[in-house]
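By letter and in written order, the chains are A, B, C, D, E, F, G and H; residue numbering begins at 1 in each of them.
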Amino acid sequence: MDKSVSKRADLIIAGLGGQGILMGGKLLATAAMSLYRCSLWLPSYASRVRGGPSECTVIFSNDDIDSPILSKAYAVILVDPPQLKLFEQRVRSGGYLIVESAGLNETIERKDIKMLSVPALNMAVEMGDRRASNMILLGVYLGVADSIPVPIVEEELNRRFAKKEKVRLLNLNAFRKGLEEAHKLAA
Amino acid sequence: MAKGEIVIDEMYCRGCGYCADFCPKDCVAIQEDKFTPQGYPLSSFVRPEDCTACGICSFMCPHHAIEVYRYVEE
Amino acid sequence: MKKELVSGLPKLWAHNPAERLECPGCQYPLITRIVYDVIDELGVEGKTILVNSSACGYGIVLTTSVDAMFPNHGQGIDVATGVKRLLPDCFIISFGGDGDVAAIGAGAFVNAAQRAEKYSMIMVNNGHFAMTGGQLAPTTLMGQVTTTSPEGRGPAMGYPARMPEMIATVQGTAYSARGAANNPANFLKTKKYVKKAFQKQIDNVGFSFVEFLSACPTGWHMTPQESIKWVEEKMIPTLPLGEFKDVDTLD
Amino acid sequence: MGERLFVIGNEAIGWGALNAGCDAYMGYPITPQNETTEWFAKEFPKRGKVFVQSQSEVGSINIVFGAASTGHRVMTSTSGPGWGLMQEGMSHLANGELPCVISLVQRGGPGAGTTRHGQMDYLSATRGGGNGGYKNIVLTPASVQETHDFVQLAFYLADKYRNPVIVMTDGLLGQMAEPLELRKLDFGSLPEKDWAVRGRANQPDGVRRVVTAMQGLMPTPPHPPYAGFLDLLKVLNEKYETMKEAEARYDTYMIEDADLIIVAYGYTARVSKESLKIARKDGLKVGMIRLQAVWPFPYEIITEMASKGCRFLVVEDSLGQLLEDVRIGVQGKTGVHLLGALARHDPSDGGMILPDSVLTEIYRLME
Amino acid sequence: MGERLFVIGNEAIGWGALNAGCDAYMGYPITPQNETTEWFAKEFPKRGKVFVQSQSEVGSINIVFGAASTGHRVMTSTSGPGWGLMQEGMSHLANGELPCVISLVQRGGPGAGTTRHGQMDYLSATRGGGNGGYKNIVLTPASVQETHDFVQLAFYLADKYRNPVIVMTDGLLGQMAEPLELRKLDFGSLPEKDWAVRGRANQPDGVRRVVTAMQGLMPTPPHPPYAGFLDLLKVLNEKYETMKEAEARYDTYMIEDADLIIVAYGYTARVSKESLKIARKDGLKVGMIRLQAVWPFPYEIITEMASKGCRFLVVEDSLGQLLEDVRIGVQGKTGVHLLGALARHDPSDGGMILPDSVLTEIYRLME
Amino acid sequence: MKKELVSGLPKLWAHNPAERLECPGCQYPLITRIVYDVIDELGVEGKTILVNSSACGYGIVLTTSVDAMFPNHGQGIDVATGVKRLLPDCFIISFGGDGDVAAIGAGAFVNAAQRAEKYSMIMVNNGHFAMTGGQLAPTTLMGQVTTTSPEGRGPAMGYPARMPEMIATVQGTAYSARGAANNPANFLKTKKYVKKAFQKQIDNVGFSFVEFLSACPTGWHMTPQESIKWVEEKMIPTLPLGEFKDVDTLD
Amino acid sequence: MDKSVSKRADLIIAGLGGQGILMGGKLLATAAMSLYRCSLWLPSYASRVRGGPSECTVIFSNDDIDSPILSKAYAVILVDPPQLKLFEQRVRSGGYLIVESAGLNETIERKDIKMLSVPALNMAVEMGDRRASNMILLGVYLGVADSIPVPIVEEELNRRFAKKEKVRLLNLNAFRKGLEEAHKLAA
Amino acid sequence: MAKGEIVIDEMYCRGCGYCADFCPKDCVAIQEDKFTPQGYPLSSFVRPEDCTACGICSFMCPHHAIEVYRYVEE
């Protein structure tokens, strides 16, 4: 993706219910509003099962967004490693598959995409709350995709958790950890 | 002596006989040989002299065919 | 000697005989008389809206001179909710047949009471579905012959519904009673029940309900006199007259 | 650009209703439209507006009947089986000529089917699923903003024609978030609701009003409403014919030179447009007619394009419902193809029709 | 000729059900089909069969759901608003693939409309008025004998396809008496209902049965019924396609040389035939296609005759519903005219379409 | 020393963990355990058909090894009527949520009792519509926050439904009770209620009904422990446990 | 109508609810079953009003009966004289309009049909029950139309009232009175 | 002395803690640091010695994760 023009970015976040999948995606999509003419977030989750497969699509663009559904995206964040093979197919050529490393015991076959394996769960536990792992992965994504300037995302994050200072700090730090990690991985 | 009187509207009466059944003074009766314009047996004020103007025949009439008047001293 | 009108046409009367199509001896118009007169006595005529979904009541309730609504069978309960919620200052009466309230509208009825809707409901119980030709209603008495209980209602068809008793158990109900007009005294007692029920609405207490046992000579294939006797000797023993709930606050 | 909210389609329904001056909402929970019901529960009471959680969808639609009779702007929302339960009430609203808005967020069926999404209520919405043959305008937005705007349009049209109006989306559009610019739309003036019940003392002319679902019509005074049944039919028929003339809505995309025209509405229209653009880049002459209303249906444009020899591809998440209308329009002149619910990408209830599937179908047809 | 009864159409439904081996009837009174409900109340209990007077039509159709799940032959009947209330249940029966018969005696609508007669539920019956897109065969007899016979056919088809089947008449056919020859019709053998619930001890294989309206299908053992939603759609689609192939039913009268073909069903078909015969005597080349089933619809014969240049006159007591199907069949090749409910002879609710009106219209069109 | 199984999987168990999708701490499966075990104890397993229309119960009731039916929300009451009427020798249990019985199915419920249908109904009351995301149910307590009573249930939304008390007034009801499993003693008491209710069906007396107060920690946004406390301290005081009707003949 | 071949007969009976309109028609139609291949009876009555307009159509024929609805019939029995003008139009040329004379104070204009004015109500009252007037009129109809042999109608009448001897006798006598009256009128 | 023993099925336990809450002898406890394969905190039979085999932990377990056995003399 051309970082300077940035006409369109898209992303799939996939995992299980309760992993903060939907919230993370919505945060990005909301932040993108001030920057892009169009922004779209589409959740998708199993109806009956609490804790079943959960997925969301995030698209921002200065052009109209036609399909709200992505066959493939530039980046996929996969919080549930057992679904690796499935989501390997959903990354566009030249894009990123960002995957949680805890529980990951295979690798991808495609050569035209990059896989970044991130120990987000461990990092989050170290930070004191396993639930922050989604923000770490989001940080990694922004670190490599640079689709929205970091301050704008942080601003949105601060707004969203304005009433819960502890949660805000935790998430903010996790997000920054993710950014750092991205730079490490990119290096 | 009559304390009042009643007026039966032939257009409305359907001959059910409730007025006759419930009049405590038996002042009202169905006249089997008289008919309303609609062909129902007609109710009549047969014994006006005992009417106490209690209103019962009127409010028990489903077809709102009876008006009851009380005589008042002027 | 001057004459003073003691009783005549009910108050709120729209003089229109063409619309008065009840059968000879039908007691339905007695409860409408009570309702119309009480509305008048309470001075709420100008803000009254009648909602009627009882079938034989269609022509009968049309005789009113106030705003009126005629939704389909079974809908008058929910419809009244809609009207009252949008016009909380208006005075809403919902008329239903026993079919409306005890059969098709039973869920609406129970839930209107559960939500403590602030209107008054009158159920006219003539012991069957009159308009459609006299089928069994939930209120039909044991042994009573109807077109869908040709051998008389037996236990396989259940037992007569007692709606005022049932709805009295619901917290949102402010008032619940059963009246009849098998004689002048009961007519006057029923009028008292109706007045109390309406007062609950005016005081914004909760849901109020009166069942009225109504002779249906045509539908029952009886003379008017036999039908009154049936009310007295068959219906009232099963469905006793009286008040089942009367509270001034729901808490 | 004014201030924008980032909200889901189901919430946009609420914002649209608020901007339309809606006074009351009554509804019963059902997935995937719960956020609409919840939006009203949260936003309406604090604004002094009416929110009623009904005991069922039969309850919802009948409470709407009562509320609409008072002349206020009222609405309900539902999905799937709830829509099934509202059919009798829809028919009575049509008979009583009561204006109101129904938000129908389609899910997959029949039966409980899937709680997710689908486009399977097209026929029951456009053909009058309930008894007796009635018609209502069915608006079909395809974005969060359009949902918000069409809800306002729906209230306007409902009042204009004294008829229920349906805003039909689906679980996918309902759950999807996009920026929403809140704006009050002005569609022009409307007649007084002098037919509404409000208590005789509140009637300017002191004459009672009568609302009935029995034998049609609430003639404005003088009552009574004893219009014969045939009179009811005549009045309704005339109204329906007027709506057919005036209220068809669609937009077109590159149909001028098209050999193949995609006809779609709602989410599948957006999916299709993406595929169409890719195919165009490949030089394939594909165009699209996106329906913004599915009743009345713009048969003329379809017939016109068919006469020019265009073929048609209907993309809808059902077994073929919109298909019927396109066929009526095409009049056998050219081919009509369906990419339907059997092309859902996933055997579970989450499947949807992907851009890839549409693209493949375009290539197949244009070969 | 065997012994004949002189009965009305609504009673013929009962006799037909009895001859079909129907085990249970559940219904709620509504004019003009009360005689059906009353017939079952009188005739079924004394034969040890089940009669349930439900508390509403929502109740009827759900009690049917339960009863049909046991593998017995069950039916209900209704009209107008009652039909509206059954729509959700119809959709669930389709999802659960439960065989049953619904007798729909049409009245006039929308809303409560008229309690008399009409042909205004064509679209909701043929398009699946309820949620989610489903199909059911709709048989349309035109005499007392045919009513009796078609009820038997309906039970057979319901079992054959494991799908609800509708027998659709109207108040006029329902109230009309004609001689009825009681006869048991044999349509061939049917598979065992091995999917029915009856208590595990009564299952020959000792395996539980599961019936659901949630996600389709009751696979015969081995269960569980976790067919995905897409699988449900595929199975239903295939079934609907089979029915479309196999179950169209109609008869034709003098269409070979016709310039104008009347398409009608039920009472208006009989009225039309009388007029047609008069017109024929006058040398006018008029023919008729009388539909014995309106879903599936015999588009082919219409298209074939339209291709020959025939024009069409649809006679139906509605604002134009069957009309849509005839238009689909005609494909714009020739003209399609409607003599509809606005031609009812009487402004009250008793009006019907008279032979005179049809004749006048024939002359007008053939001028 | 030999070991004897005291308690393990419920009787009538279809070993299929894939179908067991209830939330951690959900008490729903406790009432299914009771029901399954009582069916076993009464020896009616082979002729049992479970009809479930409670939403969260879909996955949970699917764990049974007997014939089962899953109609839509609100329909399980009428559907059970259909099954029982056609199979009078079978043993029919209908499970419903509080939404099923007190809201959408209230009319079916009242009429099943009025017709004295001979099956047993279990209502699982978790105080809200769990499956659809925690909306207000008729049973929701005063002050309780749900997604459609975000400020807590106030009097404008009515008052908590008390279904066993209400249905006890209907003549066709043979048995009516309310149980809970907030502690082992109440679990065992509830089991007794269920057994009595089922016996009424076996004895063909009439309609039998048991409400079960069920903790829903996920839906209530509580820990399992807090949810049990809520049942104890909030629900039971409003919805007292006990039997409300128990008769051996309906006349 | 050709009395000997009798291929088809039709009849409209009109009046008010409660005048025995529907019953009379059904009796004829049932009797006709043994004689004709087809027989049809179609009632038509106001739905809400007890006592409102009521009408029935009776057709018997050896050919198929197409329309169950008659625009015009060979004979019309009108029990409610005020509707005379309306039903004058529904008699086929050469046919009969049989009308109750009590309350009749106009006459018909058409020359191509015959009106028979019958004092059936008076006759019935004389016979002891006004409700028998419908059978008198039915008798008049059969006397002039001869569409079904009298014994067959009487047999059906006896069957129908088999359990109510008094009613049977009353109706039978009334029917015979009507036949006589027809012969008088025809003379 | 133990009158019996319990077996906790890790596959079924979801860590709700009801067994621990209701065990009258405090024999069962949630191990916050042990997890089931599904990731829930795991319940453990921590004080087997006091178990009376009353069955409570089993029947109060919503997820049917516990089997209780009573020792019987042979």
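The definition used in the following text is that a contact is a pair of C-beta atoms (placed from the backbone, for glycine too) under 8 Å apart; a residue touches a chain by one contact, two chains touch by 3 or more.
Not measured: the values here are computed from a predicted model.
Chemist: Quick one: point me to the chain whose Cα centre is farthest from that of chain H.
Modeler: G
Chemist: Determine which of the two chain pairs, C-E or A-D, is joined by the larger number of C-beta pairs in contact.
Modeler: A-D
Chemist: If you average the CA atoms of chain F and of chain G, how far apart do the two points sit, in angstrom?
Modeler: Roughly 63 Å separates the two chain centres.
Chemist: If you average the Cα atoms of chain G and of chain H to get two centres, how far apart are those centres in Å?
Modeler: Those two chain centres are 88 Å apart.
Chemist: Multi-chain contacts in chain D: which residues touch at least two other chains?
Modeler: Within chain D, the residues that touch at least two other chains are 31, 55-56, 58, 81, 88-89, 92, 96, 111-112, 114, 213-214, 348-349.
Chemist: What residues in chain G touch two or more of the other chains?
Modeler: 48, in rising order.
Chemist: Inside the complex, what are the residues of chain D that reach chain E?
Modeler: 58, 80-85, 87-92, 94-96, 107-114, 118, 120-124, 127-134, 213-216, 228-234, 236-237, 240, 303, 318-319, 321, 324, 327-328, 331-333, 341-342, 344, 346-349, 351
Chemist: Under the definition above, what is the set of chain C residues touching chain B in their complex?
Modeler: Against chain B, chain C makes touches at 1-10, 13, 17, 20, 22-30, 33, 181, 183-184, 187, 217, 224-225, 228.
Chemist: Report the residues of chain F in contact with chain D in the complex, numbered from low to high.
Modeler: Spelled out, the residues of chain F in touch with chain D are 72-74, 103-104, 106, 129, 131-133, 135-136, 138, 147-151, 156-157.
Chemist: Where on chain F does chain E make contact in their complex?
Modeler: 14, 16, 19, 45-49, 51, 58, 62, 64-72, 75, 77-87, 90-91, 107-108, 110-111, 114-115
Chemist: Where on chain B does chain C make contact in their complex?
Modeler: On the chain B side, the touching residues are 4-5, 11-12, 14-18, 21-22, 40, 53-56, 58-60, 62-64, 66-74.
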